[in-house]
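So that you can tell them apart, the chains are marked A, B, C and D in the order they are listed, and the count of residues begins at 1 in each.
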Amino acid sequence: MDDWISMPLVGFPLVASIVLLAFVSNANESMRRRLANPIRMATLVFSLVLLVITTGMFFQYFGNVSWEGISFNNYEFLHRYSWMESLGIHWSVGMDALSFPMVWLTTFLLPVTIIATWNEKNGATYFPILLAMGGALIGVFVSLDLFMFYVFWELTLIPMFFLILVWGGADRKYASQKFFIYTFTASVVMLLGLITLYFFQDPVNPLDYAGSMTGRTFDIPTITQHALMENSNGNWYLGANIQKVLFAMLMLGFLVKLPAVPFHTWLPDAHVQAPTGGSMLLAGVMLKMGAYGMFRLPISLFPHALQYFQLALLIIGMVSLVWGAIVCLGQTNLKKMVAYSSVSHMGVILVGIATMQPMGWAAALFMMFAHGIISPMLFAVCGAFKHHYHSMEIGAMRGMAKHSPWLATSMMFAWMASLGLPLLAGFVAEIMMFIALWYFLAAEGWSVFWMVGPALVLAVTAAYYLWSMQRTIFEGGDETQPPSSLHGAPVPDIANPEKLAMLILAFFTIVFGVMPWIALDMMHDWTIQIFEGLILPVLGNFNGGA
Amino acid sequence: MSEITTIEPFTEGFVEALLPELILFTGMLLLILVPNLGKGTFRIPGTQLRLPWLLGGTRFKFSSDPRLPAWIASITLGSAFLNVLYVFSQGLERVLIVSESGKELLLINGFSRIFELIFFGALALAAFSSMNRLQVKGIGSKIPENELYNNRRQADFYILMVTCALGMSVVALAQDLFVLFIGLELASFSTYVLVAFLKESKVGVESGMKYFIVGSVASGVGLYGLSMLYLWAGSLQFSVLAATFAVSGTTALPLIGIGFVLVGFGFKVSAAPFHFAAPDAYAGAMSPVAGVLATASKAMGMLGLVRMLLIVAAPESSDGSAVWLVCLGAMAAVTMTWGNLAALGSDNPKRMLAYSSVAHAGYMLAALTAVGAWNWDAAVAGDASAAAVAVMTALLFHLVVLVAFKLGAFLVLSILESEGGGSRLSSLGGLAKREPLLAVAMFIFMISLAGVPPMAGFLSKLLVIMGIVRVAVGDMGAEISDGGIYALGDHALGLVACLAYGHQLSHFRLLLSSCRRCDVL
Amino acid sequence: MAGTEVTTTVHSEWMQYAPLIILLPMMAFAVILFLGRVFNGHPFWKKNLKEGGLIALPVMGASLILSLLLISEFLKGYSGVEDIFEKIAWVNTGIWNGGSTTESVSFGFGIYVDHVTVMLLFVASFLCLLINVFSIGYMNTDPINDNRNHRFYAEFVLFCSGMLGMVLADSFLWLFIFWEIMGLCSYLLIGFYYERPSAASAAKKAFLTTRIGDVFLMIGLVMLWDLFGSLDYAVVFDTHNIEMVAESSAGTLQWALGLMFIGAVGKSAQFPLHVWLPDAMEGPTPVSALIHAATMVNAGLYLVARMFPFFGAEALHGDLDDLAFIIAAVGGITAVMAAAIAFVQMDLKKVLAYSTMSQLAYIFTGLGCAMYLANTLDWHHDSDAHYIVVVAFGASLFHLFNHAMAKGMLFMASGSVIHEVHHAHHHLHHDDHGDDHHDDDFDAQSMENMGGLASKMPITATAMLVGSASIMGLPLIGGFWSKEGIIANAWRVAQDDPRFLFPAMCVLIGAAMTGFYMSRMWLKTFAGKPNNEVAAHVGPTNIWIKTPLFILTFVTLSSILLAGMGFTHWAADTEYSFLSEKNLIDGILYEMGHAFANSDSFFFILTYVAIFLGAVIGPGIAMALYGGKLADGEDTKPWMRPVIRLSEFVNKRFHFDNTALRESSLAIALENRLYIDEYYDKAMLNIVAGFSTKVAEADTEVIDGTIKAIESGSQSLSSVVRSLTTGSARDYILMVAVGTLIISLLIWGVA
Amino acid sequence: MIDPAWVSALSALMFVIGLGGAFTRKNAIIVLMCIELMLNAANMQFAAAAVHHGDTTGWVYTLFAIAIAASEVAIGLAIFLAVYGQHETISLDDVDVLRN
């Protein structure tokens, strides 16, 4: 089987973007302006190639891989190349049913983002940076080596930093710094955790792919396998205290990325200042890196610690869920509101994880995916709003339905999808989370008042979305004049590329809402595999610890 | 690994072994001679005959070119660099040069050669890039050719660079503490003058004076420490010192002596609290010189520390840790914290880089501490020594990439300096518009310094941290079972905590560098 | 593997096409929306396709035909309560019960048909079609709707799809899904005139209020799932499963059903979640007719009716009577309250809205009573008890049917009135027809601007008359049959359980009140003299509007036939149901005898009391206050003449001055909807908005503030640290000396 | 012959005086002198140690150290001259343009 990942999915976009950027950096101003269009087309084509590859993988056209029935800690398209042998570092890529949906999502969002921000200024540099962003994100999801994972994890910061800094709003400097420093600081803690994990491996047991100098390895499958063998009922891999500490260190990095309250304040700032394309990728994929990381590392390695921290996770998740939603209600800035809604939705993921139910985890996975389709649309709408009305304030422009029916329709659709309207993608995850949570509470005899939070959020979410729609789409009409920031110019509707992007996103929101099984089946299969492969042998019939 | 060849000075093999140093020496001579070539004549006494002897007088056109010394120096340093590289590629021969009385003088091995690479590379880059920077009007004016210092002043500058390189390579090779010290002084004196080279500016001389005075005090303390060690051991040979230390190392005299020597090296690496002159010196000196201070000079200091601490005062096998552990750990912690904190609020880019350089010294000291904390006698001894090797490798790697990034950053600043900016962060504004490549380079240097993957700065920092974590983890070897994490050796825990703290702060420092970036773009 | 349809048992020819009933409108939604976007304003689109109305029409027709086929097959006996359409495995997942295995869980989609389904299916598809016809006449003739009717039709068909889907779904999950889709459409359609702030806020209010109910519904569903491990009707209604659950957690089940009932309360606009329905009249009249009178608001009733198997289960005998009481009580409160508010409404549609609320409340009371009976009587074995339960349940469902037909008709008729009044106003005040803005103070919906229209719009007036009669429960017409049943059952239960005296009294008083406000509405609109110039110039309406009115009038009048066919016994088994062995005449006679000559003296008296209250007292007072003959020279159809004459007579004879009453604080409170909306608004504004603003502030001040404090703290720390670099070389040397000392001490000290 | 220990003690005293003087005096020249004092303290120590150990290298070290001290003075004075040219003072406290 050929390596469909390393070069085609990771190397190609990164190299292509670097080549394009190098090419552009030598051009002068007018040349750049002329180059913008060809480069835009090129990046679009490149990103479509990526999409074709991943879609081909899904349809088993490339690699002939069935994404269901991959047992725990097995990976498809697994390829491993030597990198830094002495330390046990490899270039190791592979995908399973956990990572594949995220990879597909990335490749899907990339062309959509390009289309949605078709007329972004400085296109000659903007589009290659988007492409680089895509490559880095894919790299995170396909890495099966801790070192490589961390490298890509941080690599994603750089293009995003530039996107915010160069194409961002008025306060972009502060936002980009905050974004960078905040997430970077957290991931340094994670890095310390990774290294500690690395060194806590027992070199007495010869490991596959171990480094010559240290006798240890960064290889995720090997470590996972090792953990799997040593974790057993009552026996904690690496010992209880170490496992707890490592779990906490890794989780901290992921929680900040997710982001969970109280580590979320970088997100609204970043989103508000970021350009539309940046926001779309940030909300669409980058946040999910946190959840993905949780599943890939702490959960897969430290099930005992997961059980130990279950209550903490549940609390953090609940707080994120509720706090994010209530803060939304108090926002007057459209994009900030949407950003906080992401915080709230990421809370759903955490709660899903905290239930420790296959259904809850599948809900979390599907939420990652669904939110990855819905939130770009939310931000595309916000971007268009900003672009047309030069303001982000809710209420700056009313009666959009009359002036900009396309924008109004898209907004309505995205908002409804985000508040969890049935038959749109977000609903499935929400209802599954609900059921799993209740089941967990009832089975464990926990207080049912945990349900108050999510229930409240359902109502509050509807409240803030409806409130914002009332003040943007509705009202106004002829009596309300366009905002003064337009200087009397006629109010335009969104441009054709934007319409196309909205249609694509809306279409897939419906597709995955009506036919969730397309993605959900493999996610479900993954959760079943991890439960049968890891959780049940380790924690089954065992109620101590928690 | 091949056996060590022992030779005496000026016998067979000596020239081959010291070829890089000889190249430097030749270059020095050329720097003295070539710019002085001219139509000078020598009047035979008592006659009116004037014999042209080509020295002095009206210079030839080529020899009056103000860029000539820079070329000579760059070529000299560059060829020394290439020579070392070539030696590496040919498989290294390890050569020990001993005096007639059997005293070890210089040792040429991979370790010293790597340091030579660092020194020569950094200086060559600095020399090459300051070619157009020595201007009559000082920093700030445009550079038509006739505005450069004349070639004699230029020659002064580049001779000092080459002597500096020579001194550093002596430090790298020395097997006798006093020889090492002499090399150190040679390099130091050169840098004092280099820092104060812009004698027409207030800040230039001021920085030179501060650097000189504080440096002299530090080396005075160091020399006194040497004398104490000599008094104690009767020799300053590393081999003798190490042997004696193993026997009677824990008495007051050698320990205080070692402490005094640490002061001398501590100044060179600009570890707290000996770093105070460094920011002033970096800010006042020309950027390439500051770059040399931050890289080559620092590497020299680190080399001295390694020699001193790991060879002379090696950790004891009995209780598994070195006597200097606490001292160095504390120094590391204070240094990295201080550097990062100070860099955070600095708005002069050179001072900021200086403070960041202080912080980097802290990391390297932490790495050294890690080696010291390693339990030499632990059950997993083989493994632990691997960890020590890893730490040292990391340290070396860190020094190497530091040359690339820190020096690079200073060189970028030097370009801005010659255009009149560079003393305030705000003056970097709009760099991306003016010089996009420069801006991108600066960004890469910055994030690399901050340790963001996938830049090499990350890898080096990662390796350093890995080493430290490994040592911390290894320390728990006995108590690895439940509760082990709480029973971390106190020093190791403190160390990791310091490091995590320092590392985190260093990313707050990134605030600054990205702040700079914002202005740049 | 999901997504594959395993078709093993398809019982009949047509039932396999049942999904098309849902899918056709759903596809039409996309088609109309897309074409409308593209061809908006195109003459062909506008004239020939009525901006999508003529695309929707055949689709709704097809849905109706398919529904009828389905119903007929069901009635022929391809029935039972089992799945007819094989499921799609929609969501596959698993749970872990703490043991060493996972259990797989699946949420599927399928079609489920039983008596309740059939009833609602007919109501929904039939009314959808009729109102579609009406819409073409109503929406496409008002210039204000030009170029946006495609939106109306698209949302309309999507709504129909949701409604039909909800009815046909085979699990509570899918019921909920379609339920939400209806909610969305309701939201969109209420906000159809998006430029009006009142419409925008009404839409929001509707969605939010129902959403609050939905949240409870969702929790209820989740609890139900937890009890049964499934939400499929086939599983949860299974006697064996109910027994298992009843053994361990009957109390939990009651809670679950109670929470689900809150969802129904929201959807069906019952107290205390009723506030949205009157405001929802901001939507176009066809929307009010369809969604807010005839179908969507019935969803709550449908949901409660769906719970019947739990109440009727033997295993849960006597366990759920509290919930039954709550249902009945909520119905009772709402019935009286809404009727009282309807007394003082001047807006034609608002009167109808409150009437809807009140009538739905009747059905809730009826359902509550039926469920109490089912839960407490031994109806599985005692055939008398069985009969009582079936009749009680059947009466409620039959009232649902009657009310839907009548109220749909009333709304359409009111729409027609409003339409024509509006046109007349236009004609009079705006000669320039291009000016299509509702920008003046004229309120075409206010009864102040009507009066005496019986002569101008005879068909409409007739429909309105029949509809009102049906709602009032005038003997033999429409709602009479079912309403009497509800009242009777309420009192029957009250005999068993004194708690039920409250809802029983409520429904009885409500009957009188209904009589009053419905009569008042009709009289104020159609009888008497035109109140102003506009009303005098109202013209007849168009054919699209007349047709459905005509049909529905007929259906309402023929209610006696339906009653004879056993609709009053419409319940979850076939024994007493449609076309059982009795023939039609027997059935009618049986029903008549049962209604008017009940053997039980209590019920005999009760029947006449109710008739007296609803058909004599209520209308009588209304006539006394508002009756009057038409303007001179005006005449109306013969069948309305007696009514008008009677009203004139009563008015002359019994007229009294009600000014004092009208100005009493009670009346003012009623006009202000008992201030409930106000309290809600205040709570929203002060508690929710205030709290959320505080939280948002805390987010910036405290959480982000901490980050910023760290940042600025480290900056100031930085300047402190940097200030140690004083600039004087002496200090530096001092530090070197100190450092030397410390290093020596440390090294020496440690060693 | 004098016991080298006394010489050592003297050298220690000189060193302390030198170091103390270096940070108490403002005049750069005097500071330079103090530094010389420190270096000479080291020289004396070397000499004493050479005697103590009977090792001639110590003398060589001393010679070299003297050379170092001499060059240091040369460099120092040159720098101070240049400082005086720019700042018109060589008081260490007053030459503080560069700070923080």
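Definition applied: a residue touches a chain if its C-beta (ideal position, glycine included) is under 8 Å from a C-beta of that chain, and two chains touch if they have at least 3 such contacts.
It should be emphasised that the depicted structure is a prediction, and the values quoted were computed from it without experimental measurement.
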{"item": "Chain nearest the global centroid, as defined over all protein CA atoms shown", "value": "A"}
{"item": "Chain separated most widely from chain D, comparing mean CA positions", "value": "C"}
{"item": "Whole-Å gap between the CA centroids of chain A and chain B", "value": "44"}
{"item": "Centre-of-Cα separation between chain D and chain B, whole angstrom", "value": "24"}
{"item": "Where chain C and chain D are represented by their mean Cα positions, the distance between them in whole Å", "value": "98"}
{"item": "For chain B paired with chain C, centre-to-centre distance based on mean C-alpha positions, whole Å", "value": "81"}
{"item": "Residues of chain D touching at least two other chains", "value": "19, 22, 28, 31, 92, 95-100"}
{"item": "Junction residues of chain B - those touching two or more other chains", "value": "209-210, 213, 217, 221, 279-280, 346, 508, 511"}
{"item": "Interface hub residues of chain A, defined as touching at least two other chains", "value": "none"}
{"item": "Interchain pairs in contact, sorted by label", "value": "A-B, A-C, B-C, B-D, C-D"}
{"item": "Of all residues in chain A, those that touch chain C in their complex", "value": "68, 178, 182, 261-262, 264-266, 269, 323, 326-331, 356-359, 362-363, 399, 401-402, 405, 412, 416, 421-423, 427-428, 431-432, 434-439, 442-444, 451, 455-456, 458-460, 462-463, 466-467, 469-470, 473-479, 515-518, 520-521, 524, 527-528, 531-532, 535-537, 540-541, 543"}
{"item": "Chain A-facing residues of chain C, complex", "value": "1-3, 37, 89-102, 104-105, 173, 176-178, 180-181, 184, 187-188, 191, 194-197, 199-201, 203-204, 207-208, 211-212, 214-216, 218-219, 222-223, 225-226, 437, 688-689, 691-697, 699-700, 703-704, 706-707"}
{"item": "List of chain B residues in touch with chain A within their complex", "value": "380, 383, 386-387, 389-390, 393, 436-437, 440, 447, 450, 452-454, 458, 462-463, 465-466, 469-470, 473-474, 480-486, 496, 500, 503-504, 507-508, 510-511, 514-515, 517-518, 521"}
{"item": "Sites on chain B touched by chain C in the complex", "value": "209-210, 213-214, 217-218, 221, 249-250, 252, 255-256, 258-260, 262-263, 266-267, 272-274, 276-277, 279-280, 323-327, 330-331, 338, 341-346, 505, 508, 511"}
{"item": "Residue numbers on chain C that touch chain B, as the complex places them", "value": "711, 714-719, 721-722, 724-725, 727, 729, 731-733, 735-740, 743-744, 746-748, 750-751"}
